[in-house]
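As structure tokens, the structure follows; a few thoughts come after it.
Chains here go by letter, A, B, C and D, matching the order in which they are written, and residues are numbered from 1 within each.
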Amino acid sequence: MTELWTTTPGGYLIVLAILLPLAGIILSFTLGGRSAERVALGSTPFGLALACAIALHVGRAGKPIVYVIGALEPPLGIALRADGISAIMLITTAVIVTAAALYARAKFATPDGIRESRSSLIFWIMLQSIWAALIIIFVSGDLFNLYVALELLTFAAVPLVCIDGRPETLVAALRYLLFALFGSICYLLGVALLYGAHGTLDIPLLAQRVQSTPVVWTAAALMTGGLLAKTALFPLHLWLPPAHANAPAAASAVLSSLVVKGSFFLTLRLWFYVLPGLSADQAAMVIGCLGSAAIIAGSVMALRQARLKLLIAYSTVAQIGYLFLVFPLATGAQSWSAMSWSACFMQILAHAFAKAAMFFSAGLLAEALGHDQIARLGGAARVLPLTFLTIALSGLSLMGLPPSGGFSAKWLMLQASIISGQWFWTLPILAGGLLAAGYVYRILAPALSDDRISLKSSPKRSQEVLALGLAMIAIALGFMPQTFSDILEIGRPIAAALP
Amino acid sequence: MSLLPYLDICLALLVVAVAFWTIAARDLFASVVGYVAYGLLLAFVWIRLYAPDVALTEAAVGGGVTGVLLITAGKRLGGLRNVGQGERPGFGLSLVAGVLAAAVAGALCAVILMLPDPPPSLAPEAVAAIHGAGAGLGNPITAVLMSYRSFDTMLEKMVLILAVVGVWSVGADNAWGGAPAPFRVSKPDAPMVFLAQMLAPVGVLIGIHIFWVGADEPGGAFQGGALLAAMWMVTMMAGVAQPPRVDARWLRVALVAGPAVFLVIGLAGGVVAGSFFAYPPALAKPIILFIEAFMVLSIAAALPMLVAGSPGERPDR
Amino acid sequence: MTPSVIAGLLGAALVGLGLYGLILHPHPLRKLLAFNLIGSGVFLVFGIVARRGAAAGLRFDPVPQAMIITGIVVAFAASAVAVALILRLSAVGRRVTLDPEVPTRPDGGDAK
Amino acid sequence: MTDLFPILLVASLGTPLAFLAACFVKGWRRQVLALQWLAPTPALATGLAGLTRAPLTYDLPVSGFTLRLDPPSALLLAGAALLWIIISAAIWRDRQPDNRWGLSWLLTMTGNLGVFIAGDLVSFYLLYALASIPAYGLFAFSDDGERKRAGAIYMAFTILGEALLLLAFAMLIAGEPHGSANIADVMAALPTSPWRDAILGLIIAGFGMKMGMIPFNGWMPLTYSAAPIPAAAVLSGAGVKAGVIGLLRFLPLGLPLEGWGDALVVMGFLCAFYGVAFGLVQQNTKVVLAYSSISQMGVIMAAFGVALVKGQAGAALEVGFYAANHLLVKAALFLTIGVLAIRGGRLSRATYILAALLALSLAGLPLTGGALAKIATKAQFAGGAEAVLATLSSIGTAMLMTHFLICLATSPSGAAQECPAGFVPLWPGIALGAILLPWAFYPAVGDISYAFEWGTLVDGLWPVALGVGLALILRRIDRFLPRVPVGDSIVLEEAAFGRLLGIGSSFKALDARLCQWSAACVSLLLITLALLAASL
């Protein structure tokens, strides 16, 4: 079993993937001004290449790649570990961050005549920080290291929310910050208890040692609670709609499609990698119920919003709900758990791409029309056909209509809930699809009518194409071959227990 | 036996009492002052737990720098009218909150009493590692921070940089590039200036000493850096030194020096020592001290900047 | 009652007090204080874990202690950002509160 | 030669898809849309060739999709392809609809043709959605309030139907032990599936929505009256048959299933008479035809029901023929509305006789295609209560069609603008084709000489004559008939939906409460304690 804690070939790629954005932050901050943008944009292709290289290594080896930092093995040292789910998430993150960086060039270029502007410097540094934090979250094998990464993520996300300095964005940012801090302190308390009980924070080591004791369950409950708060699972979503709806489009896209997934990913790590041997059906049921409530409440609230960006933000609350159905559906070594596992990650990916495309389009609309009131979108599709094509395609995925990643996810989730005998999950899944159809219809139907509308400025073609590209990826996910779920199984502890 | 257990209990009760005051005080400023006292008291608890390094950190940060931060903020907010005081929570909510908080605390107590015996510990491994090929440092905590969990430490410094950027980011657009202002006193006090001129050089020396001995004894980069930071803050308050502009190149370099050096050496370890963030065993101690020196610089620059706030805010009256 | 048990109970009490304050205090700065109380309670839990782990000639387990130091720094950084936000909010003349404002616009959200 | 057939099968789906792809090539869109009448030609060829062949299942490489063609689906495919070719050609010969409309048309066409040959659950679901959802664009892109309403209601029922089918399909595939999505495999596993009854219920409800089954019938009259004539023609002709092919594929016809069969018979005849009754009180010709569709689909459902009760595996082809006849005749009838409106008041006697023949073909007038359709389903409606009910439904249809002809002749129609003038010269051909073409197809179903026997002719004629007579009597008392709003039950359903929306505001209040800081913190603590309690 010591192979879990020895550096494997290709392991160095993980460290490079982390250090690249960290170095980017340092350089951007030191050089300032236009260099920040250049550094951020310049590093994206390398980051993408590293993510692909890691995925290639993981896929080829068929087992996780490991890097033991400083050759100092856990429990004293820290090991980084990229398994199947890390590889998939790394690529997703790299693609979306790259798209966001390219999209943001128009808004966050340093204006002429100024050496350095506040919003551009902040944006480019924070974008790279989010990237760095997410990479660490996806590959770190140590729960305390993950805490620091989680905080890094919060510190990077909060300034993006209030980057334009309006008072309401400041309130949103403060709410976000305080609630996220509350969440992370709960997580940290759980970490302290786990260390007190088992003397290590290394994930595979803990997985070998944990027993079903009150200490472990208290730790798990605290950590889960904290992470749910950071993921904005209903009813802990108070911070999400104002924060995501008030940030600039490029930032909203990253926040909605990636940042909330960071803490969700940690929740998965906790339940499926640290505690896989312990049965916790009832706790999983509690989480599943919260997820169902999120689907319904988030969708209904999305239906009732007057502002497009708020609608999209509430839709995120709903779509996050689907992810949590994985807890009741994938626990234990059952025949359907692999199916639910793929469904969960398909949903993560589909939502990430579709939501980023949606927020990009909402940003384009707001710039072109000068407002984002849904009631005043009449006829807009005639003048902005490409933008509305993007909204329609990503809406397709959110509704779960084929062919799309959203459909594949729901299709697998429905099957898993039926086979597992937990048919009641099909109700929120289907109701969520119907309600999603309702809110997508609310955007599209008036826009497609024959009303006349005038543009304030026409959108940049390159931005429209970026958004469309992301929406196409969300659609293309519907054609993902079987290897996708094979990759996801790499390094999953429960997979070893399956016949 | 001895009086010590009773003293411990008294100390704990005192801490709880001060904490209660912090929560219950009607006045914002009073509760801030309560919190600063609480931070200092907590340092004693840490000493009783044989955690001198933590005690030093708690005193410097929990009591010191956080104190300055909160008192400044409390002063400025106390004078303002727009602070919501009217919205007292209802009785029902207070009851629910109280019950829940008590339930969580109770569960926590129970669980703490249930922690396994004999307790798991990494102390033996740490001791073995220090005497072995590991870090070669006398202070195991420094060894853990700078060698075994160097990755955490570097990330923590990145968090500090991000926090500085975050603090700066809330400023107004047109103020960007200016200096943070809250320390600027219109007419410097003579005693304050004297204190700053006398205290600062001594403080700087003590800070450097704490960092230097930190390799083998309690102390280290963070504690030393925090003391240097405090001295800088004192000189700025006294008007002896001016806060720097946020776009000053030297400030930026000082802020990133620690993590940057750490990162470069960590990368170099991949080539020289065969693994990223590994140090050649013979040179481990000097390299760690070298990194820590830059860390001290970064911390000394970062903490005052965090307290100083965003650029261009005018001091209130 | 050993010092570590006392400290553990103290930690739990601080967490409870902090939670109460965090939930109920309307003022964000007071919430921040409460958050810091919870934080120090959590660090105390780490502290007793470290103290209990005394072994091999050391009077404490150095790993959790190192984590406390990292945690204190992070908590301070968080407080600084929060304070900056609170001060900025009050500077732009906004009522300093965390609860959502009464919407000024009528909600036109009449679903299909 | 045998190897060519799979290629033809792939081409019938591939050609429309290629047209679709070509639309996104810069500068090609206008030409591609104008030429899209060529896209269904491989499907037509496939359908004709498939009529007499053994069923074929073909797995597409890479994508994992499966195509499947058997005689019943070939019959529907051929009919639908023919319809799409004629109507598309006529539209684009005459004028250029805007690209948005053209693209919706092409998308609907692709889905509609594909649904007849889809062989696995996923591609069936995909193509079924494609056949339904883009059709919204054929009538609802408008600032006209009534059309918007029709569009919203159409969309609501479509999406609801999709949701029911999604659940049914997920259950179907979950019951298949090897995880195959092939329709043949999942249907083989259905009889032993633990969720058999739930699946059948969902299948009937889901496809029933497409076929205007009560109480989901309200969208049909609204949609057809909102849609321009050519769109109404393809939707009522080919579009609705997506529901028929659904029942054809997903009802276990070879297996005697008493309960479900009886339920379907009852439901079917209920729809058949309901459509007649509510159609007779309408004045708008398009609405009358829509109600006739509801009635005819009811007959088809009833036929499926009898087949289920008796375990008739061969019913697929017979009911398929009935549906194919309805496909041609109903489309032709919609075009009749448009063409007669363009011609205006000066209608020659020949024109009117042709229109009457066409209309009464639906009621089974001897020697028309409709008579063959009736003969084809006689195995289902032979003897007992079913025979009586089927005859009554014929009488009803004759009444409704007579009512339609009267409305056509008397009431002014604003349909002239919606119908391209290109249909006027084509119309006699289309109408004759709709009456006579079924004769060409019938040999694939049964013995044609039976249709000329004296008894058959008499059996076919008297219900029609009776129906026409009754309709003329009804006309006398027209003033005393109640006036029912278009879409009847939809008015109630809309009101109920409006009530439902009220829940939204309580959600909003709840959300505002939960978004209070203290409430959120309390929730967090509660969740943590709940998790702890649940796992201890």
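Here are some notes:
Here is the rule we go by: contacts are C-beta pairs under 8 Å (C-beta built on N, C-alpha and C of every residue); 3 or more make two chains touch, one makes a residue touch a chain.
None of the values given here were measured: they were computed from a predicted structure.
With centres computed from Cα atoms alone, the innermost chain of the structure is A. Of all chains, the one whose mean C-alpha position sits at the greatest distance from that of chain D is B. Ranked by C-beta contact pairs, the top pair of chains is B-C. Averaged C-alpha coordinates give centres for chain A and chain D that are 42 Å from one another. Distance between chain centres (mean CA atoms), chain B to chain D: 72 Å. Centroids of chain A and chain C (each the mean of its C-alpha atoms) stand 25 Å apart. Look at where the CA atoms of chain B average out and do the same for chain C: the two points lie 14 Å apart.
Those residues of chain B in touch with two or more other chains are numbered 89, 93, 97, 100-101, 104, 107-108, 112, 115, 119-122, 126, 144, 148-149, 152, 156, 159, 162-163, 166, 170-171. The set of chain A residues touching two or more other chains comprises 76, 144, 148, 151, 155, 158, 162, 170, 175, 182, 189, 193, 196, 199, 214, 218, 238, 303-304, 441, 445.
Multi-chain contact residues of chain D (touching two or more other chains): 152, 504, 508, 515-518, 521-522, 525, 528-529, 532.
The touch graph of the protein chains shown is complete.
By the touch criterion stated above, chain A contacts chain D in their complex at residues 175, 179, 182-183, 186, 214, 217-218, 220-222, 224-225, 228-229, 234-238, 280, 282-283, 285-287, 290, 297, 300-301, 303-304, 378, 399-403, 410-411, 414-415, 418-419, 426, 430, 433-434, 437, 441, 445, 448-451, 479. Touching chain B in their complex are the following residues of chain C: 1-21, 23-27, 29-30, 32-34, 36-37, 40, 43-45, 47-63, 65-70, 72-74, 76-81, 83-88, 90-91, 93-97, 99. Residue ranges of chain D in contact with chain A, taken from their complex: 63, 100, 122, 125-126, 129, 133, 137, 140-143, 148, 151-152, 155, 159-160, 162-163, 166-167, 170-171, 173-174, 195, 503-505, 507-508, 510-511, 514-517, 519-521, 523-525, 527-532, 534-536. Within the complex formed with chain B, the chain A residues making contact are 7, 12, 15, 19, 22-23, 25-26, 29-30, 32, 67-72, 75-78, 115-119, 121-122, 125-126, 129, 132, 136, 144-145, 148-149, 151-152, 155-156, 158-159, 162-163, 165, 170, 189, 193, 196-200, 213-215, 218.
Contacts from chain C toward chain D in the complex involve residues 19, 22-24, 31, 98-100, 107, 110-112.
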